[in-house]
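Pasting a structure below so you can have a look.
Every chain is named by a letter (A, B and C) in the order it is written, and numbering of its residues begins at 1.
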Amino acid sequence: MKPAARAILAALALIGPLFAAGCAADDTSPAPPDQTDTFTFAISGDPSSLNPINTGDRWGLTTTNVVYSPLARVEADGTVRNELAESIEPAADGRSVTVKLKPDVVWSDGEPLTAADVVFTYTNKAVKDNGNADLLWIGDQPITATAVDALTVRFDLPEASAAALSNIATETYIIPQHIYGDVTDFSGAELEPLALGSGPYKLVEYQRGEYLRFEANELYYGGAPAIQHLVFRIVPNADSVKTALQTGEVDGASVSPSQVADLAGAPVDIHSYAQGRVGYLGVIEPRVPDLALRQALFFALDREEINLAAYLDPAYFENAYSILPPGNPYATTDLERYDQDVERARTLLAAAGLNPTLVLAYAASNAAQATQATIIQQQGAAAGITIELSALDGTALYEEVEKGADAPFDLFLGGYIMGIDPDAYSLLFRTAASANFFSYSNPVVDALFDQGLVELDDARRETIYGDIQRAIAGDAIFYPILDSFDNLAINQRVGGVAQAKLIPVYHFEDWSKFTLA
Amino acid sequence: MLVYVARRLAQVVPLLAVVTLAVFFALRLAPYDFVDSITTPNMTAEHVAIVRSRYGLDDPAWLQYLRWLGRVVQGDLGYSLASQHSIAADLAQRLPNTIVLVLPAYLTALILAIALGLVAAARHGRPLDRLIDTIGAVGIAMPPFWFALLLIYLFGYFLGLFPIIGMHTVGDRGLPDLLRHLFLPYLVLVVAFFPDLTRYVRSSAISQLDEDYVTVQRAFGASDAQLFRRHVSRNVLLPVVTQIGLALPMLVTGAVITETVFSWPGVGTYFLQGARALDYPVILAVLLLSATLVMVGNLLADVLYVVVDPRVRLGKTAT
Amino acid sequence: MTARPNHARGAIGVLVFLALVSLAAPLLPLDPTTIDLTRRSQAPGPAHWFGTDDLGRDYLARVVYGGRVSLLVGALAMVTATTIGTLIGLLAGLGRPWVDNLLMRLVDFLSSIPWLVLVIVASVLLRPGLIMIVAIIGGFSWMTTARLVRAEILSVKQRAYVGYAVHIGQPLPILVARHIVPAIVPVVLITATATVSAAMLTEASLSFLGLGVQAPQTSWGQLLQTAQGSLQRQPYLALIPGLAIIATVMSCNALGNSLRHTFLREAP
């Protein structure tokens, strides 16, 4: 069969070079040349916004923290660490805060960073339509910023506020007025040019769905980064991330507890830390208006079992009982914990004559949530509550949740990291607040949040926030599940992890501190 | 010939009109307004009104349809709700990536299919034929993503020979790097494409063997080899050429799942991402693009068929 | 290699076995849903023949119950598609020319959108669940059946004896029962087997993309998707459902081929 044989040869000829190329390339270079000066970190999706004025998602904030700098940070233990600020002085009456900037800080284009840039940033961020203004408002008035001189900014507060310092510092990254001064609308997801800041790296290329590529900012006030290139590789599939860590295709990524075991033989170290996160089961209040049913549901659940199923071992999580994460100094244990009590759940249901079916939504791409949902379904069934599961796209889930009573589900799994100051949690539980996914409204809680914000005495604050936690627990719209630890797998060739410092949300406080062996 | 093409075109155009109409009205039924994709919360009501009238959204539906059609013809597919990017620009960036993956895989599968199909036909009923048939049967029954998982396990993890994410190592746009990334998804697609094609070639070749001219040639003492070289392969290959037209739409959506498994930045992953986030403009743009390609591909297949086999023309005119 | 009775017999054997196991599953000592965190990710052994999954559920039970769903989707989608396809084909073949034209344009229209794209869009827009998946897959798979049934009717109409029957004024129902039905049965049966295969593979793809049935239900595609995460530690979790899909689809296709040989005496 000569013609056939020839055709096969032709076919092989076409495949052949591919094989050869594959093997040859593998023999000569396991990695391209500039890989030796590149730190590649895997992220699970595109940042939803690269605009520092309104970004609020994990990858948007992580990217912002690489390119821009804040005035200061509030550390996990509540201490304030200055960044662009040289000093921060709250006034004695609590009505203003004066910030002096470090001298000689420059933007990555060499222009000096001044008080005008700070005022420009805070003024735009306080515009409600720009989408991230809540923390800069006290009651119905915004915090205003004024330049005292080239390096001094005074923040004026409409009322004395204990949370002001934390709220001023949290998640606000200073943007340059000389670049973005002409922008009239800061509500979009991207600015033009894409990014220019005073952080350790400069964003040089963004391929949507593929990667963000950064180059060292030699002018960084914290000292030029040791590694010239930084890459955020976008890899949505968690299993691909694991394999890529094993092969060295990426140097770092956040991994799940079950993947930690798989990575045992790989050249990576695991760094675990408590994120101050609260993973929860949320109830959309108007969809489940019956308090007895909500309480029955909560009594049906066994937190410990849910957590062990999804996070394998207590080394990777801590049970949560309140809207504040277990490590938060204001978190109270004196509240209704809803420890599992199936009998009580049944009694509540029977008394109300209920035989309920509830729909629980979760993010399809989140393996831990899928497991939690499966367990919750089983525990609900044991108490006589039928729970239907609905796996949705993460973005779609939050779009649907905003519809409140019209959402196509009653319960959902979620999580948040809101930091130390308890006022930040008002974003979730105050009536009509921007992240109140529960459509929850309790005037008592609203009033307590108002009091807590302006109360300067710490002991009295603790009482107020204790009352808030008890009130919300009593309303049974929010079932805290756990503080899940973040496990960062970092290739052993990368040094300086301790200096870069692990922090929630942003993963690392200062990305300039890494070194390559 | 020209008359035939013209008549076929006359059939495609109304069909395209129906598809675009359906897509357009699906767009209007969608729970968002086209304007939402280009306005921002900061615009005043007056500004939004100006934008609305600029895009003619207060005009009657038929006029809007014609305008929308005009924009689509000019390559303006609207904006993504999620990213507010121009969909046409995004597609222009991703389409080449998909073609780079699908085209070589399809051509390889085609060549492989021709070779295997002819061999099987020549060895009709003998063990080699059965072997090829069985391989094809397994190939057809195998979910492509499952095969992809096996390859990832074997080559990506166990042997560590090939990268399994994306198209390039970041910062390396070189050809060797691209080929290394290409290999595994390419292999998955070849295995997904070739069984059907092989069967097509094999059964065409076998039916050729039953034709009168083969019997006549045999009677004149032609050997099997001569037969295949001179007659059968030619007569089989001509209709195979027409298959290429039918494969046209695969260049866009032929690798949705394979692209997903390997995080390949092509049209498939773009579409799936859009579909999951309910990004209607993106969904509709991909629907429109692929429907158009199917129809153009069918037209191409028919025309090619007429070109290689003039008898068809006579047959068609008779009806 | 004329008809290969052995192949057909083997295929029927596989399908009958799967059908029996699926039907009898509730009678077997199998529990696919009970979670046991003390027995997670166990290797195959006497207690659990296929081992356990990451929540300690018996994997054999999950494969059996997953198969029930996969086979059910295949069978129901086939019934849906075959019913719609046959009806549309009959209407087009027997109806007035404008009906024929309209229906065939509809078929052209639906065929002009790549199938997976169509199915993915439909599954994203509609709420997932077993019934919806059957409706989506079945509702978009009837076009080939309709085309073939119509073509078969047109060719039957051409035949002399049918012309004669019409000529002597046989009423339509009798005409259909005597001549049309016997002619289209083989075509319908053969495409039906192909539809089962296609539906099962589509269900697997949708589940793999996370658009399939919802827990606690599972399917072979769903099991494959989950197994992706433990591919390194427990590759057999992915191998078993994958092989099950391949065996089922190959059997359906072999059955279809053998039907084709038997009915149509077509070259293999």
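Some observations on this one:
The working rule: a contact is a pair of C-beta atoms (placed from the backbone, for glycine too) under 8 Å apart; a residue touches a chain by one contact, two chains touch by 3 or more.
Quick caveat: nothing in here was measured; it's all calculated off a predicted structure.
Contact with chain B and chain C alike is made by A. Looking at which of A-B and A-C shares more C-beta pairs in contact, the answer is the pair A-B. Computed centre separation for the pair chain B/chain C is 23 angstrom, with centres defined by C-alpha atoms. Distance from the chain A centre to the chain B centre is 39 Å, each centre being the mean of its Cα atoms.
Centre-to-centre separation of chain A and chain C, using mean CA positions: 44 Å.
Residues of chain B found to touch two or more other chains are 152, 157, 260, 276, 278. Each of residues 228, 231-232 in chain C touches at least two other chains. In chain A, the positions touching at least two other chains are 364. Per the touch definition, chain B reaches chain C in the complex via residues 15, 18-19, 22, 124-125, 129-130, 137-138, 140-143, 145-146, 149-150, 152-153, 157, 203, 206-207, 210, 249, 252-253, 256-257, 260, 271-272, 275-276, 278, 283, 286-287, 290-291, 294-295, 298. Those residues of chain A whose C-beta lies close enough to touch chain C in the complex are 238-239, 242, 258, 261-262, 305, 308-309, 364-365, 367, 370-371, 373-375, 377-378, 388-391, 408.
Contact residues of chain B toward chain A in the complex are 40-43, 82-85, 90, 104, 107-108, 111-112, 114-116, 118-119, 122-123, 152, 156-157, 160-167, 169-172, 174-177, 179-180, 182-183, 186, 224-225, 228-229, 233, 260-261, 263, 265, 269-270, 273, 276-278. Touching chain B in their complex are the following residues of chain C: 1, 105, 108-109, 111-114, 116-118, 120-121, 124-125, 197, 201, 204-205, 208-209, 221, 224, 227-228, 231-232, 235, 238, 242, 245-250, 253-254, 267-268.
Those residues of chain C that touch chain A in the complex are listed here as 33-35, 37, 54-55, 127-128, 210, 214-216, 228-233.
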